[in-house]
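The two complexes that follow have chain A in common; it is paired with chain B in the first and with chain C in the second.
For the complex of A and B:
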């Protein structure tokens, strides 16, 4: 048995050396995972240990995220959006730039926050230590944490006061970078490109609808919303706008997005008083 | 007993591979003297390339007022020459040709809601530039397999946005797409060592190949890969012509 296993792994190894480029996606095994059981997480003063999360993961997480963390748990066929594949190390909710690993704190916050409109609930019943341990456990599924450091969190300047000018300026950002292509001119997720959106694995995915009272998946505070469009949601069509929206303009956009949301806010009241009209997608670029 | 033979066979194969990699390379002072040239052709009638409906975005429709955009999986030029085929050296490279990173910065432009070029070949670690000539927002979204060491990213490029400079860590054929314009798809073909891409007539030249014996691989997005043995002698370029069968 052992010889046969060895033969196979050698054969696979030899093929890997010979075949370039090789498009197949690697699959981790239990022994790969066992070798990373020493993984830690650091959130403030708390140190999480992967090995201590084993029982919690088995009890609460494995049904969706699977034994190997590949998102292929027994509930996979019935869950939509699909459970995260931890092996890839790609996460929507990050404070770090697109294409980088999230910080431990990002994962820690996601566990507590849950993901609105998905099967991932708010795990507020865990103690902080348990959550930190689970973060370490999540990290032990992906080889990326052994080879890469998390990205440097983006800088978010202090939130300025809301003004009518800022809301109007935010509307211009919404027009200029063309958020409406997917999210629609009224934020109803019905822009011209909305219907064909797919995630990185080719599965259909909807743009966020601002008008249904839903919370954005990666948080509902002004800072969360700022972070969402500046870092992008990796694994989804939502790109990073960090290179194209200046920090001050980003706050303007946050204020404008509040006016699109169905929830009451001072931004919404101010926009009403202003008689602010939605962007005109047919106007030439720069005059929408 | 049979298991043991298998094991021995595999082990010796591995030894051979590793051994040949360890044999000191033909030391070359300047890597510029040799090249491999050839033509890649399509045998048979080119498959029909579907027209693209760009009506989602009036800007894109207007940009193609005088032509009909088509998918670009198979682009055949005069005399059956096949464009956008990437040629690279898959065996035989040693020393500096393998480790030296090409210095030019190839450009991947978003123009008239298409990728120009449709296929961009590059070296591992080579910087490339993503630009947009369009007055509409694109998002540039390469989808490598993160297990290779190449990490996916997704950045917006609204009208007038600055170019984005990037590179890839590992050998891989990476699809690229724009989620806003779902017909837009292209390829980054990341290889190690000298490479070339065929032009509109199917011609190519791989430069900077020192004299030696090589295996050249030709990659085409729909037809896959083919390989050929080539010898490059001092002052005499190697030649390798490829023919893909139309499907």
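For the complex of A and C:
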């Protein structure tokens, strides 16, 4: 008898648990989203309101990012890389540490800058207010913003002067933290791991090819590049190296990366004068 | 002035005068019915963007679409060059519009019959025509040949499939690495912010901007139409975000006709500049100005009494200038405004300038005048001037439904036959004596809506409804005002 009661209790309990709505982002509905319509963004003195971005989102964004912001718009099958799933609340381009939410300003800047090597164009035609409204709209797709605060932006020390020693030191960092495994010894995105890379959703993803003249997705100033490898690109295999690289070394790495890029730069000129050789994956540590 | 008007109505040349005026209006309306709009699903397919990303309602561009165009059909990312496209990608779009329309013309001279025999008299009557019909067919092809090198070719037909090249041009963009230097070369639309080639309306009278084609009655300067695609070269530049933009074009005064038949060594300049302002939630508002300054031939040399094509000399001047405003009042309401002041040389106003026209005047009428050496103008001849304004508000309910309104009015401020023109003197342009001050004044309004049942990055489809009313003073056979109305419904689609 006791055994039968326990069995029934177990069955009823399991049924009750299964009947509870599971908090899956994929099951978000319009009503869930409507409840977050009061979401705001704050960029400087501008306050963005999600409700004011509805028309702009529908006009410009919905074809890729979808009605529910899940990146499942009508263009999903045809574009590569795939549109961002806003419901996950995970973003590549941030000024905040890995795993944290980006600041409103990060999203604000991304909209205007666009994402090179993707279908996301530069939306610099919006007014600042419209962009701020769209930031609030993007935030309303994910419950993360209701429960978490954005991370604190990382500190970027002033950029030092470029020297030959710094470029060589940057090459050592490139070898030590094994950037070459994905990006290749010449920055051609052909390292031994390059072919196996996938994003967090299991979709194949390419490493950045420094040599083909493209711009890094999250900006192409020296500070942008510094920020990319110190915050990582969340959702991709590109990790944050904040725990592995000191700020001074990070600048060295920026200077070395400039030598790999096809664009002319003083770093490239100096590397040529130095006769700088690519990293040797087989060289003992510290003996590049 | 009233006396003069009465004498003309009673005069022998009155009928010809009004026939000519009416014929010109008709020819103008027929010519202007040719629709060539640039909505390109080919671009949408290339970039994976919905029509609404670039078009307020296709084919009319929004700010993002204007920036895309100004960048040489580029989004300015690495996907612009054709190397990124599937090798089988062929950037072609066609557009055609099956329609039903009804045209009602207020006063048309209709021959009278008795017992099956013409009585020799004609009576002014309203003429109504309705039925199913077709627009012309446009084949748009455009895109990048290489990064910063683009092209656009638009073979366009009338409803009977007689084709011509509406647009053929190559573009070099971001020369010297700056967006301020871009060059296009070929046959192209002048840089009108409110583009007639992207007009949202389709009727013969409402499917054009009257302001872009206006010429005083009897004036034979066809070159002054800023809505006409022209042959030439254009230097254009803009800021990175397209807030500031300018253009300067030098075009042949050949009205876009090939083979240089209609002119010889006459050129026209077209200049624009505008600045957009961030107005917060209202949107990005823009104000600007334009000026067209040029010359066109009035004397075509003859050989054996026949006009020699391309031999035009005796250039006479003209200019147009105005302001343009694009005002957005939030995400649903906007208003486009264009003004114009026009001036034509007295020679053009008297009817010189288009003698080489193959039809050379109204059928059965006097040939259009040539201007051989020694020709003099009647002392009462004046350079005609006029002023006009165009206001086009839109209510954008959603990217899939737009309501359109437009009002245009053009008022003559000086007629080519001035007050001192001899009361019974017939001008070379066929007008007799001093012209009433309001002769040729034009007003028109258009209302309509376009509903797109779907909005994708693959094709465009709109259910189009439109009504237009046109009023031209002095264009009726009896010298009074001519009213004309049009109703049109249709499926406007492109793929």
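Methods note: the second predicted complex is superposed on the first by the 262 of 288 C-alpha atoms of A that agree within 3 Å, B and C clash if a C-alpha of one lies under 4 Å from a C-alpha of the other, contacts with A are read in each partner's own complex, and residues count from 1 in each chain.
Operating definition for what follows: a contact is a pair of C-beta atoms (placed from the backbone, for glycine too) under 8 Å apart; a residue touches a chain by one contact, two chains touch by 3 or more.
Keep in mind that this is a model prediction, so the values were computed, not measured.
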Scan A:239 for contacts with chain B and chain C and give back first, second, both or neither. first
Thinking of the overlay built on chain A, is A:220 touched by chain B (first), by chain C (second), by both, or by neither? neither
Pick one for A:172: touches chain B only (first), chain C only (second), both, or neither. neither
Which superposed partner A:128 touches (first chain B, second chain C, both, neither): second
Of chain B and chain C, the partner touching more residues of chain A is B
Look at A:40 in the shared chain and tell me whether it touches chain B only, chain C only, both, or neither; answer first, second, both or neither. neither
What is the contact status of A:56 with respect to chain B (first) and chain C (second): first, second, both, or neither? second
Which of the residues in chain B come into contact with chain A in the complex? 3-4, 6-7, 10-11, 13-14, 17, 56-58, 90, 135-137, 139-141, 143, 145-147, 149, 151-159, 161-162, 164, 171-173, 179-182, 189-192, 219
Within the complex, which stretch of chain C touches chain A? 47-50, 52-53, 63-64, 67, 75-79, 240-242, 278-284, 331-332, 398-399, 456-457
Hey, which residues of chain A end up touching chain B in the complex? 3-4, 6-7, 10-11, 13-14, 17-18, 20-21, 23, 25-26, 87-90, 98-100, 143-144, 147-148, 176-178, 181-182, 192-193, 196-198, 200, 232, 234-244, 282, 285-286
For the chain A and chain C complex, residues of the former touching the latter: 52, 55-56, 58-60, 62-64, 74-75, 78-79, 114-119, 121-130, 133, 214-215
